[in-house]
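Each of the two complexes below includes subunit A, the first together with subunit B, the second together with subunit C.
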Partner chain A sequence: MSPAAESRIPLLQVQDLAIEATGDAGPVRLVDGVSFEVHQDEVFALVGESGSGKSLTVLAIMDLLPPGVRVSAGRILFRGRDLTKLPERDLRRIRGKDLAMVFQDPMSALNPLQRVGRQLAEAVKLHATGLNRKQTAEKVHRLLAAVGVPDPAGRAAAYPHQWSGGMRQRAMIAMAMAHDPALLIADEPTTALDVTVQAQVMDVLAAARSRAGSAMILITHDLGLVAEAADRVAVMYSGKVVETAGVRDLFHRPAHPYTVGLLASVLGEGTAGGRAFTIPGSPPAAADRPAGCAFAPRCHASLDQGTCTTTAPLLELLPTPPAGAHGPGHPAGPRAAACHFAGDNAGQLLLKGQQA
Partner chain B sequence: MRTDTPAAPFLDVLTVQDLAVEFPVRGPLFSRTTLKAVNGVSLHVAPGETLGLVGESGCGKSTLVRAILGLNKPSSGAVAVGGRNLAGLLNGRRRQERARIQMVFQDPYSSLDPRLTVHEIIAEPLRINGQYTAAAVTALLEQVGLTAAMGQRKPGEFSGGQRQRVGIARALALKPELLILDEPVSALDVSVQAQVINLLQDLQAELGLAYLFIAHDLSVVRQISHRVAVMYMGRIVETGPAADVFTNPQHPYTKALMSAAPVADPDKAASRQRVVLTGDLPDAANLPSGCAFRTRCPQAEASCAAVVPSLLPPVPTQVDFPVVSAHQSACLLVHP
Partner chain C sequence: MPRYLLHRIAQAAFTLFCVLTFAFVLGRATGKPAGLLLPDNATAAEVDALNGALGFNEPLHVQFGAFLANVLAGDFGQSYRQREPALDLVIERLPATFELAFWSFLLGLVLALAAALAIQLTGSRTLRSLFIWGGSLRQSVPDFFFALLAVLVFSVALGLLPSLGRMSPASLVLPVLTIATGQFVLYVRLMDAALSDQASQDYVRTAFAKGQSRARVLVSHMLPNALLPVLTMAGLNLGSLLGGTVVVEAVFAWPGLGQVLTDAVSQRDFPIVQAGLLVVALIFVTVNLAVDLLSAKVDPRVSLA
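So, the complex of A and B:
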């Protein structure tokens, strides 16, 4: 493929992805028709609460779904090749090289019985067989130095428990960046860390990514992190993408009532001392989602109960904001929302319902 | 940050005076040193008031709480409940006084017995104290927004937010005056966090409860606290009314904490100045001399290694009236 053609095709295309778990009462759809694209060089955030299916979606991309959970429909195209159809042997050539992942908890992702340097060396050698011992060690030290680990040679000889949480997450980032992946997947990379360490690790992640020119999928429930790091965002609710937009559009003109509610329940300067906004109720379990829109029982915008409780809304394109509405940097791309009443009014209805 | 005044700010529910908790640890070779997990902490909470205690993991928050609850023996200092020093009381009497303080834990999944019904979980403290009636349990369930019928289910059938409500109902059973809330919403989803915070504010208004609210999430602390104390390596480095600490932080550590917290606004996020600290927390068994924060402080000077700074009110400027401010910080750069 020529470089020009390559830049037009998205790096990753997830199309109508469905993920099922085998339950006692038949299969349960945990992820239900998710589609999105990730382009070269961008940070794409997947946002949602626990159980929304965001982690399963990226585990499916890495082919790391837990036992009993499988992709039941849809395609995952990476550089135009469908990962769901690829034999394990070919997949292994991509995973850890072009596709890499940083997990939430660096302690459980590292082997406690092996020195950190040896674990990094393993990741290095997996896709660079020509290196001898000395060259491998040098590469490991270079990788650790690049993520800001002081005294890389000394730290590489230590065991994971001798590393602090922030330093362990740096080691995980170094490991993921070992082969300059085209796409880096970071699943809640800083949730286990303290605030001041979180800021350090996010900076390290951004620097490593821009050095290697990698695109990133950032999975998080923290809307603050999304605002700081992402170019585009998809919001997931109960196994579906309910809204996708450029980061500025999402925060300034949210179109789905759930997004509006999520943003309104963020605590901050404005809400301090008063009552916090809340979305009533809690998300449904995957096994008993209501018919129609899964968010309808919690939604004030579902005035037309008939439509919302009978027909599941599709993710549909919204009118694009006027040119010049965005600052410099990445183009905002299209906005889409899955709501019968999507648009700037739907959200306001939700907020009004709360105040009344 | 709250501007309303607590209901009755007279006699403090909880007073902690110059508290220190030390643990013996093995040093290099055969040497022995002491780890000062809590090092001269003083704080007080008035009825109807929320004191937010902020600090990162390893700063001594949990040891402080355990010492207040009598689970760690302090090496010096005192804990007084309702003005009465607990150390001077006989065991039975001390237990009675301690019942005035109850605890809500971080993880609503592991802090509730999975084999008991929710009704039994809430009934347990009542039974132990001979106060059990089924009606009392129902009243507690309703107080936290659950129904009597829900009491017949087990914790596994509840969502995270509902479980935290059960934890709060259990803590309220013996009609305490103070709740210690240890990261009560950090395990919950964003939309559920706000529900629990609102419930806590309602209960405080209704029952005149005092809260010692421990969290690392500054936006949550800001939402619920009247006053704030910031802890670093066993010491309180800044304390004061929430409005003052959040709008005018004095200590470099407080400033760094606030600037590190992400802001949910892409435009503000792009433009704001951040103080990113270098390095990790120091080893608690081998603290730096002088100010413990100097190894990570972007403004540290040579003198910071020599003196341990004490908590002092801000230096008055000429236009200020000579009033004693409750906003104090422990930094040599603020108080040369």
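So, the complex of A and C:
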């Protein structure tokens, strides 16, 4: 662990977070013991398949879990205060001000019956006192201009259905940045958009974030985006964090077999004929996770290894990579993986598994 | 927009023409009226003479043409019984009917809105069951029976409220209560379902993410969206209330449209029936058009092209 990373007090600490849904057959654990930290100024990526619990994790941070789903254990410390214990009134003061979120689908995230400007004005006024109507409108126009919306005053007077998807996501970003939040959460901000505008919107998001000096949690399953934008990464699988690492470590020396598989499926490593690698099988449903490691049934490294099916691996620190493995200005940070056989030879095992 | 209105007015004219034709056919299908108008001891020749004088001996298409021409001139003929213009007899009943319809409609809607908001704000399942069960129980009792019970309790036993007629504002209470409570559960069901559906919408989550309070999100984001489906049904209900609530008017001797129409039908006073049907149809068409215009006003996605 580098001294620089150690000395900083994290902006957000998620500790042993568990999220449960009330089901007919008792509660189902959707997120199980997730821990991570987000530091000031940092872009932290949460990666994983659909249903791995990454969206629920950030919704829990915002206290926006859907009805019937609740935080059942753990702490969410934001600037040292546990958000899970905070009364609603205090939470509301933080939400939209210090803690803001951009959602996945800009098509449905705006109220269809209200002009876009009015919806931004609502966000502005909630945490700013003493603004009159004109000042609020001006602030809204400034926010829209800052995310590259042409003719902000004209567009603000239009209804969401008169906006394109990319522009709507810009409006959502403008709304989230209304009060320069300390932490911005972006839940697959470009997944629902046209491929042609994804990069633009991502640029707008990155620019807005760096202007405000916000830290960001970026949820995505686009590993290309992670490589481009993130400082550190946590990989989630079936409700658990299976690996965390600095972005370079993750791409160059993935430690968990699942991470290896994910990378291979994008990079097309270890395959013949130019076809991308796919991890066999599909993730287990939350209600019937296997005993031991949830990834074991799909794992190329767990062939004939009994421990995997009996004991759930814990997220454990891995040895620090040799100095100089990273470029300047990229603190390595701790690497951790939840695998009995985690290590730098995980990639070789994948190749073996493919041939078998 | 002007084209849309023109189109709708043409539609309305066609609807009204159909209603008029229907009224004409019904009136003629039940025979000629002279026998009813003359004393019992009138001779067949006298009856035939009166039918002839009233135009009932002409071929049907000639009668229909004359009928339409008269209607276009605003003349529905004289009431057979009261010897006054039929349209006037119908129109003089409108204030009473509108008064009853308006207050019943408003009370039903306001009660349901309060109940639906209370359910959402408290998130209480007990409250929801209470309102829906209570409302369903009330709705399962026929209006005339509920009206009689209300009279028995409030007029006979307690002597608080008048049971008949339209003398004072107090006379409104029981009929309004009867109609409003009967409609209550329809609206509660619809609003509760619509609001619960809104609760899982993404833009509601967005509003919470801004730091907005639950009450404000409910009122300024969920409610307007939830009221769109309610608007359509409320419009239909208002139309039928304005057309006269036959049963309730009969029980409370409320001098409204429903009463004059039932009397006219039982006395085979067809000029009144025809005038009444047209007025009711006109009200329906107007209310429906108003609802469509209002929906377009509330929902910017609806275009009236």
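Here is the rule we use: the second predicted complex is superposed on the first by the 335 of 356 C-alpha atoms of A that agree within 3 Å, B and C clash if a C-alpha of one lies under 4 Å from a C-alpha of the other, contacts with A are read in each partner's own complex, and residues count from 1 in each chain.
One rule holds in what follows: a contact is a pair of C-beta atoms (placed from the backbone, for glycine too) under 8 Å apart; a residue touches a chain by one contact, two chains touch by 3 or more.
All values reported here derive from a predicted model rather than from experimental measurement.
Engineer: Sticking to the clash and touch definitions up top, decide whether subunit B and subunit C on subunit A clash or fit.
Structural biologist: By the criteria stated at the top, subunit C and subunit B fit after superposition, with no clash.
Engineer: Return the chain, subunit B or subunit C, that is in touch with more residues of subunit A.
Structural biologist: B
Engineer: For A:198, select first, second, both or neither according to whether it touches subunit B, subunit C, the two together, or no partner.
Structural biologist: Only subunit B is touched by A:198; subunit C is not.
Engineer: I'd like to know which partner A:29 touches here: subunit B for first, subunit C for second, both or neither.
Structural biologist: A:29 contacts neither subunit B nor subunit C.
Engineer: Just subunit B (first), just subunit C (second), both, or neither: which does A:96 touch?
Structural biologist: The second partner, subunit C, only.
Engineer: Touching A:109, do we find subunit B (first), subunit C (second), both, or neither?
Structural biologist: Touch partner of A:109: subunit C, not subunit B.
Engineer: Report for A:232: first if it touches subunit B alone, second if subunit C alone, otherwise both or neither.
Structural biologist: So A:232 meets neither subunit B nor subunit C here.
Engineer: Let me test your reading of the model: by the given contact rule, A:155 touches which partner, first (subunit B), second (subunit C), both or neither?
Structural biologist: neither
Engineer: In the superposed arrangement, which partner chain does A:67 touch: subunit B (first), subunit C (second), both, or neither?
Structural biologist: Only subunit C; A:67 stays clear of subunit B.
Engineer: Considering only touches as defined above, state whether A:253 meets subunit B (first), subunit C (second), both or neither.
Structural biologist: neither
Engineer: Quick one: minimum Cα-Cα distance, subunit B versus subunit C, in the superposed arrangement, integer Å.
Structural biologist: Superposition on chain A places subunit B and subunit C at a least C-alpha distance of 9 Å.
Engineer: After overlaying the two complexes on chain A, where does the subunit B footprint on subunit A coincide with the subunit C footprint?
Structural biologist: After superposing on chain A, no subunit A residue contacts both subunit B and subunit C.
Engineer: In their complex, what parts of subunit A are in touch with subunit B?
Structural biologist: 49-50, 164-167, 194-200, 203, 221-228, 247-248, 251, 261-263, 265-269, 271-273, 275-279, 282, 327
Engineer: Within the complex, which stretch of subunit B touches subunit A?
Structural biologist: My answer: residues 1-4, 56-57, 159-162, 189-195, 197-198, 201, 216-220, 222-223, 242, 246, 256-257, 259-270, 274, 276-278, 280-281.
Engineer: Give every residue of subunit A touching subunit C within the complex, in rising order.
Structural biologist: For this pair, the touching residues of subunit A are 62, 64, 66-67, 92-97, 100-101, 103, 105, 108-114, 119, 122-123, 126-127, 159, 161, 172, 175.
Engineer: How about subunit C: which of its residues touch subunit A in the complex?
Structural biologist: Those residues of subunit C that touch subunit A are 199-203, 205-213, 220-221, 224-225, 298-301.
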